[in-house]
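Each of the next two complexes has subunit A plus one more chain, namely subunit B in the first and subunit C in the second.
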Partner chain A sequence: MAVDETSRTFVHPLYGWLEKIPGLSVGLTTADAVLSWGLEHSLWVFPMATSCCGIEFMATMTSRFDMDQFGTFTRPTPRQCDVMVVAGTITVKMAPRVKRLWDMMPEPRWCVAMGSCAISGDFYRNLYAVVPGVDTFIPVDVYVPGCPPAPDHVHAGMHVLMEKIRQVRKGTFRPNADPAAREGLLRPSIPRIGDPDRDPALSRAQAEAAFRMDPGCQVTPRSEDERDVP
Partner chain B sequence: MVDAHPSHEPVAPALVEVSGLSLPAAITHLPRPDPYLNVEDYEPEADAMALNMGPQHPSTHGVLRLKLFLDGEICFKAVPYVGYLHRGVEKLLENRTAIQSVPYVDKNDYVSPLTGELALVMAYEALLDVEPPPRAQVLRTILMELQRIASHHLWLGTFCLDMGGALGGGSSVFLYNFRERELILDLLEALTGQRMHYNALMVGGNRHDVPPGWEEKVLATMDRVEDRLAEYEAMTVDNHIFRSRTVGVGVLDPLLALEAGAGGANLRASGVDHDLRRDAPYAAYGQVDVRIPVETAGDCYARFLVRIAEMREAIRIVRLLVSGIPEGPIGALKPPRHVNAVKLPPGEVYVGIESPRGELGTYLISDGSPIPVRVKIRPPSLHAVSLLPYLCVGATVSDIVVILGSLDPILGEVDR
Partner chain C sequence: MPDDVLALFRTRLGLEEVPPEGPFVPPETLPDIVAALKEMGFLLFLYCAATHWPATENRPEAFTVAYGLRRPGPGSSTARLRVRIPADGSIPTLSGLFAGADWQEREQYDLVGIHFEGHPDLRRLMLPEDWEGHPLRKDYAIDTHHFPWR
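Right after this comes the complex of A and B.
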């Protein structure tokens, strides 16, 4: 059955049965608790590592910092992953590919912006070639500030993400409900688009440029079939 | 055990004179593939296919895109595409003063940030005619060699990781190498407070003086790293599969390497004895006798051997220098009171240093204002990437991963 998930009035076929069968709701909430627990503790990470932060992310996965202990595990293909960690500068040329890889990831999916480049473009953000933050084109769940963030900070970010997943599954998630607790992790450390010394026209131009370019970086559109084939 | 490539044995190889250089005869004047081959004209024996590797590929070390044209599994044309990490560093530096630009060059070659800093800082020093005090020079040399060890550790780890399951699950060597890299990062962190982008140098000297007890820590770490190097050799040199995947793969003609401007271990593995640390000493390299490892086989295995020998040599240099760091100030200039306070004299300079990947150069033109008119960075990795169209032809896809790993390009530096 094809389900249009964008529809706000989406009704799952199981909903009708919930009322008819007594006890089904208890079973389902238990199953849901188990699923949430599993989701939270087996985050498979797709490292969208483009530059320096990618090296630090590699270090996070190795034995000293050992991110595997939280059940996270890197896979080099987006199709098997739950979390995309954007580690590194995203340029205008790279942005369409990041978007395409993000689109390949199955739901439910999460995104962690690691490092100031992924958050806001770092000190390259006024440049013609750099996208000012990855959240201009994909939704970001957790921001981990730093240039590069130390591996412990990445750990903290992953814990915030786990907490968020738990709350989202329970339906209790309120963005920025407790700003004092996670100041700086849930919000970008540098005000990005609303930055007073930033030209708003520039932000718009960069975001638009990132969208206009197709994955072959050709200005003239080509048909889907002949893309990347001689 | 696989029989070693003939030139890995300790017999002197036959040499041939080419324009004043003695090059190993066995690999000089190799036939060269045509990198501009028209794909339509090629008659494939098996199925012809175009394969796009990257820009997001676990073994491209960043965001390199390689378009491979395959005949069955053999590549007959390879086209590298770069620019996925173009951050306009040269343009940004043309709008920054010296003190503002050091953090930018850190991020070029993010595997060895300190060498990038030194190349830029030395260019400004040459322009301003400033000589850093001896303590700063010796400290810089120690930092460069520590950085070289850390960089080669990361290279060895990812190189073996790319080779896949052959080496005890693939990631054993990777995990072991990161263990030692962390020890060196600890030393640098103790000195500068940062794990990666140190911002440790400034025009006229260093920014940070050594903390108490640092020298002893360095010596202890060097002992440990040297011990562990023997472990890696046991895991790689004595490994049948490692040797069969690297020996005789990706043989680089020294003439091609020279024409392409390749440097570092890529050049020295092909029998060209060239190293700026010895040939044009900078910092305190004049005070130590730098021994340059040279191999003559030109293949991936020779490049591996050169890098391992370079790590040993770096450990030796650090040990020599760290016990006799001269006393004195670490900076020749007073910190400027304002970023625009230092005016650059008009003129132009080029300074090249030996980064772990080859000759890293900075070219500055100044017209007398505090900011330079033009900054050009010569990245060694770009020249390594330019070898790929030649080396990949005739190799299988799995060998291309090894060849790419053995050239050790860092894409941040290629695209700048």
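Right after this comes the complex of A and C.
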């Protein structure tokens, strides 16, 4: 049975914010709604791909899964990007490099931790050379679990990030909205970014370690714990 | 191992029986024996792998380094030999004979802490430059704290 395409209604993303003036064919909206719409539909991705999740991320970015339909595609430099997708295990030697690339990205910026290794270190967690999760040194907005996550999981994760950006700009975003859901989770041994128990000296030491790699650099490191929301 | 290699080991080291995993070679004669093997066509430096043996009541702390060389071509074969050194000992480098031994010896220095005498550039290869200790030693705790990343 053929689908009648003409019967489908197209709902524009701005529809909810539009206000019509009676008698005139003019739509009004707030500038912030337009900015927010533009922001969440042009997420350019910096692929911080270090291992097998990077291969899955390459598959995600192919035309078969069509991430371009909501403006997400990869750029080869952090200067042009909004989202850093950390895909893969981050070692102690790699961590200052990741932090340095993150500091090169212009605000507003977001981070997606893709796969178990980027989230928590997974089974390399207790290894001497592996960082137990990228959120020990950069703030992570969306976690996409899996080993590796399938392309549609990354797809869903990007939609969650778009929803988060929308709510943050509208002022309705509530972090840790459901404390009961977090009750059964183990408390990590290393305080994450944003944890009230986290020592600010740790963030400062991590930033300095990243900037120490280039002595002539003029950029001053800034604590991630005091980051302003977009 | 092929017969000519077994014959070389028997005459040079005075051995009756050569174990299949390779005979123990004194460190000071290692470059001569490896040079002789290279003359015999063993042109490919396969591996250099070190092991740490912690001290027990029977023997003091020691290191073992296993070498593998390959003779390419038809009927190719592998020659294996090992070197055992005490905890404070060192091994002459093979980077003059094989260019490929350079980074392999740097890796073993990095992870196990073997000192290769005469190596042109004995630096860490894999771990960060400011790392303390050698993590593949048996007395290295796996959860050693490495500030600021752990």
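One rule holds for everything that comes next: the second predicted complex is superposed on the first by the 147 of 230 C-alpha atoms of A that agree within 3 Å, B and C clash if a C-alpha of one lies under 4 Å from a C-alpha of the other, contacts with A are read in each partner's own complex, and residues count from 1 in each chain.
Following the convention adopted for this analysis, contacts are C-beta pairs under 8 Å (C-beta built on N, C-alpha and C of every residue); 3 or more make two chains touch, one makes a residue touch a chain.
As the structure is a computational prediction, the values presented were derived from the model and not from experiment.
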Look at A:R97 in the shared chain and tell me whether it touches subunit B only, subunit C only, both, or neither; answer first, second, both or neither.
first
Touch check for A:L161: first (subunit B), second (subunit C), both, or neither?
neither
Is subunit A touched at more residues by subunit B or by subunit C?
B
So, A:P132: does it touch subunit B (first), subunit C (second), both, or neither?
second
Where does A:V140 make contact in the superposed view: on subunit B (first), on subunit C (second), on both, or on neither?
neither
After lining up the shared chain so the two structures overlap, which partner does A:L43 touch, if you call subunit B first and subunit C second: first, second, both or neither?
neither
Determine, under the contact definition given at the top, whether A:F123 touches first (subunit B), second (subunit C), both, or neither.
first
Tell me the contact category for A:A113 with respect to subunit B and subunit C: first, second, both or neither.
neither
So which bits of subunit A does subunit B touch that subunit C touches too?
93, 127-129
Of subunit C, residues touching subunit A in the complex:
126-128, 135, 140, 142-144, 146-150
Applying the document's contact rule, which stretches of subunit B touch subunit A when the two form their complex?
39, 50, 52, 55-58, 62-63, 67, 69, 83-88, 91-92, 103-104, 107, 110-111, 154, 174-175, 178-179, 181-182, 195-197, 411-412
As the complex stands, subunit A meets subunit C at residues 92-93, 95-96, 126-129, 131-132, 136-137, 190, 202, 205-206, 209
How about subunit A: which of its residues touch subunit B in the complex?
48-52, 54-56, 58-59, 62-64, 76, 88-89, 91, 93-94, 97, 101, 123-124, 127-130, 147-148, 150, 228-230
